[in-house]
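Each of the next two complexes has chain A plus one more chain, namely chain B in the first and chain C in the second.
After this line comes the complex of A and B, so read on.
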């Protein structure tokens, strides 16, 4: 078998990479690229540069480390970081365990009107954040709220929910759990439905109890979905703003101030964008570290 | 000589015609009741300048601040002709964006200096420039429920010091079994009681040169001690802005201390309590001490980007620098004039039906001259944030003494602002 002579490639000898470059695709994405550069890339660079300027001195301020050295010694920043981590360590595990239980329940064939339940648990997410925050403020009002009404009618003492640090944090955690559990449950439900029935059938034949099935089959196979929820929740918590801003107003004192509300306070109340940029970069760095750690710990594929 | 007279007549004629020939539109940004008050001065303005159309836009307080900062940051884009600004927040603008607003001295505001009390100008001037004209002020006063005081056997005219006030509160607690308090303090959410009391004692976060942190001076120490004493004696409850309103509406608060602009808040939120309320001066820290203070108050500025600055200034002059304009706003929305001549207006000496026919405006305005100067500076929000926390911690018992708490506050404010703590 003889190989046919290859046709000579007619390539102009002098043409460089530019001429060889197919232009059309780049022209098509050019508008996006320009917008991306102007509204995404430039602000990211610009805020990094700004974090080295004391923006309170006006436009002529020299570059320096003032914001970063303030960040290191800033007790308020530490408080915000601590509060955020408390929410992360308490609320996220609580919410994800609830969501998993809920997803399993919603997936059960014993459940009637499953569609209705799925909607009901997803519904809190449809409610506007501002509206639900206002409702929570009312529910937990010390003098007029229904929660204290209920407590006192049961003979329990009323709690000054929003004016004490511990209770204020509790309200925040309850509110966020109420709002986001259903959302995570729906994601996990989708994950559950991807698990083949055959596995469970095989397990039942081998005599595994439902409890064993949950621990040995459901949870391991659900891991990618759980990881997805976990990463989303962690990043969401690090950016947490609406609830502490609207339900507790970061208070009492700074008891429920998060990185998000502190960033906002510095940026938009004190109009100190330089310092706010330094905070923003720190939050982004923490989020990145957390995500990498989670992917390393839970994301390994067997 | 004749020539000179003729010339001056000509000059007069041209300026007069220039005034009446003002035309175009003046857009005003303001908020809530303040916007309604400005709106109420438009008819008198249009009598003088029929060709100027005034467009008052109610953006809400926070929005005015946010959009103003954004507009200034963008070099004056999308700014109105007249901009409302709170005194406490004013210096953020002058410090970060000195070119964003017109120096009103160039429009003739330097001639009006003596028409307003000195403390109102402190925050509105920077580097010799006069960036805004004083509008309303917030002389602090104690609003009280006549009926509840009477039932508890408390005589408001006998309350002269904070100790008297605490004694009255104990009577109130005894009478109503603790169900009715003598006030609501926003501990943990705000530090306004501390600020009112500190100002009364001639102390504030910063000195009037905005060069030093002075929050640990004796006047402030005294103020913080009083706040704790009030809470410890349980004569006041804790609650934020909304909680305070709910409380007096429900009849659980027998008095409220605020800047006098709170008059409208009480009157419009509890119309059914008409005739039951009255007013007395805030108690002093010691017998014979100052019974005046200031909380809040605003000003009007003209952004440099305004295309119609002459008409905008004419609007400012009519609304703020005439008794008629200021009293119109007092009548419509209870905005307390800072123009000194407005305090002599006959309306001020009339009894007010809602307030049991008491001449409350006289009581309130009479304190204006006693208000000690204080300056928010561009670091007001940073300092306030520190003080809210320190106050709450002090009340909780985290510090041994008020002095220790305020030394800590001073250190924190200093590290946040870069200003030294005063020796």
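After this line comes the complex of A and C, so read on.
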């Protein structure tokens, strides 16, 4: 790489196209491009082709729709899909509302000790998913968990968090909200800081209440940041794996099984690559549908 | 007071309103902040207590003296030191290589005109919202079966180097570098590599620092991919080693909390010291693990 060719401008103008073609940019891109093509672009294609193959037989089986038709009648898949969508539709709006409120609060000139608050809300974003899953599993332990200790000491009934479907789902949603709210709040805070103070001053002079300012100024101007958070959160949630695998073990029964844990089970426990690829492409298709809908609804200017 | 000019009245009422708003803000925010800090606090406290204390009727809220004992148990169960070494080497190699690859690529996309540029950039752009799940099985077949790299550092590092968000982030950073400066160096006869390495790269150092932190953290905390390609205990990264313990009942929770604390505390400290870089990195484009 130290021998990158000299720039094209120093070549004689009458030379052929090859001599005039700048070589340096290609050499700069080449290492990334090779990795990108081999480990990202090709697997995207390969995975799609594999979803039409019967991989249970091992050797090259003919192409067909077997995996796709199996998806439609597979009740485990339906459970995983339903659980994933429930988490998506509850957790993402909850988290983004909280993150927006936090970002507005952290941006407020009335806030004292802002650094301390930022640390409190942003600290979870450096905690790994395995580490926090372990902590949440322990905190929500039915017999010994500190959450139930707190509930009973307040005179409330203890909850069998991890052995009942509704509470288990609640734990997952709380855990993900704890982990990712600060991350989204940072992105929204950066968006808020891009909004000019003048707009708010003008609105104040016109007699707009803070509440009106939030709905009429802050939210519309924050739309690009919110859209970015929304798209990332949806894609992230569709791939949810670590939390259901480690906090609830997909249980009780299959009550918290997600598309992610089901794909892992089919692909890397049963080694049924064709079927797992069909599940993977379903995730991609849902992500694409959500992205298009989100862009239509919230991204009109972009 | 009654004789005060009329125009101060709205100001005074605004001050009073601010005081009430500020009070409400803190009344709502302080408990929420404590709730957010509680899991981290419990992780730290529990790492210093034996399982009997953690599961006692009155769980400890302050530090105990069992950290060393918990660590010995954790080490015996998982060879945790080896996992820490593996994680450190993998995250470091990944961060250095990924910064080199994405900054070189981002530099070319930002600062050169060449045939095929828009097609290549469009191709990368098109894959940005594709979930990583889609590629995980072909990646596994490629790495484990075709390249026979299971249980090696390269098996973990190679596929994750195809970092699409990194290349966008670096392109954005290099767009701020003045082209005249690069052209001046060209006239002085500097090679293209030298212009990139000695002029452009130092200018974008803040962006590189932010990216480095996020890449290291993403690699350090990655779970699913290492879980798939690492099958032998001595090749486990720290999250994989911890993950094997969480589902079991035999292993002490004190030990697991030691592991989670060791994996987390250095980054909490780093976060306190480098908050600006973390925030800049996330706000500037975000590398989600």
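Assume the second predicted complex is superposed on the first by the 269 of 302 C-alpha atoms of A that agree within 3 Å, B and C clash if a C-alpha of one lies under 4 Å from a C-alpha of the other, contacts with A are read in each partner's own complex, and residues count from 1 in each chain.
Following the convention adopted for this analysis, contacts are C-beta pairs under 8 Å (C-beta built on N, C-alpha and C of every residue); 3 or more make two chains touch, one makes a residue touch a chain.
From a predicted model like this one, the values you see are computed outputs, not experimental measurements.
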{"item": "Partner chain(s) touched by A:265 [first = chain B, second = chain C, both, neither]", "value": "first"}
{"item": "Which superposed partner A:89 touches (first chain B, second chain C, both, neither)", "value": "neither"}
{"item": "A:38 touches, of chain B and chain C: first, second, both or neither?", "value": "second"}
{"item": "Comparing the two partners chain B and chain C, which touches a greater set of residues in chain A", "value": "C"}
{"item": "First (chain B), second (chain C), both or neither touched by A:160", "value": "first"}
{"item": "Touching partner for A:295 - first (chain B), second (chain C), both, neither", "value": "neither"}
{"item": "Contacts of A:70 with chain B and chain C, given as first, second, both or neither", "value": "first"}
{"item": "Chain B versus chain C as contact partner of A:277, first or second or both or neither", "value": "second"}
{"item": "Touched partner set for A:249, first chain B, second chain C, both or neither", "value": "both"}
{"item": "Residues on chain A lying within both footprints (that of chain B and that of chain C)", "value": "137, 141, 143-144, 249, 268"}
{"item": "Chain A residues touching chain C - in the complex, by the definition given at the top", "value": "1-2, 4-7, 9, 21-22, 24-26, 28-29, 31-33, 35-36, 38-44, 46-47, 50, 105, 108, 110-112, 115-139, 141, 143-144, 146, 149, 178, 182-183, 186-187, 189-190, 210, 228, 231-232, 235-236, 238-239, 241-242, 245-246, 249, 259-260, 263-264, 267-268, 273, 276-277, 280-281, 283-284, 287-288, 291"}
{"item": "Contact footprint of chain A on chain C as seen in their complex", "value": "18, 21-22, 25-26, 28-29, 33-34, 36-37, 39-40, 42-43, 46, 54-55, 59, 100-102, 104-105, 107-109, 112-115, 117, 120, 123-124, 127, 129-142, 158-159, 161-162, 164, 167, 186, 191-193, 196, 217, 220-221, 223-224, 228, 239-240, 242-243, 245-247, 253, 256-257, 259-260, 263-264, 267-268, 270-272, 275, 278-279, 282-284, 286, 288-289"}
{"item": "Residues on chain B engaged by chain A in the complex (per definition of touch)", "value": "66, 69, 92, 95-96, 98, 187-189, 238-240, 242-243, 246-247, 250, 252, 378-379, 381-382, 385-386, 388-389, 392-393, 412, 415-416, 418"}
{"item": "Sites on chain A touched by chain B in the complex", "value": "55-56, 58, 66, 70, 73-76, 137, 141-144, 160, 162-163, 249, 251-255, 265, 268-272"}
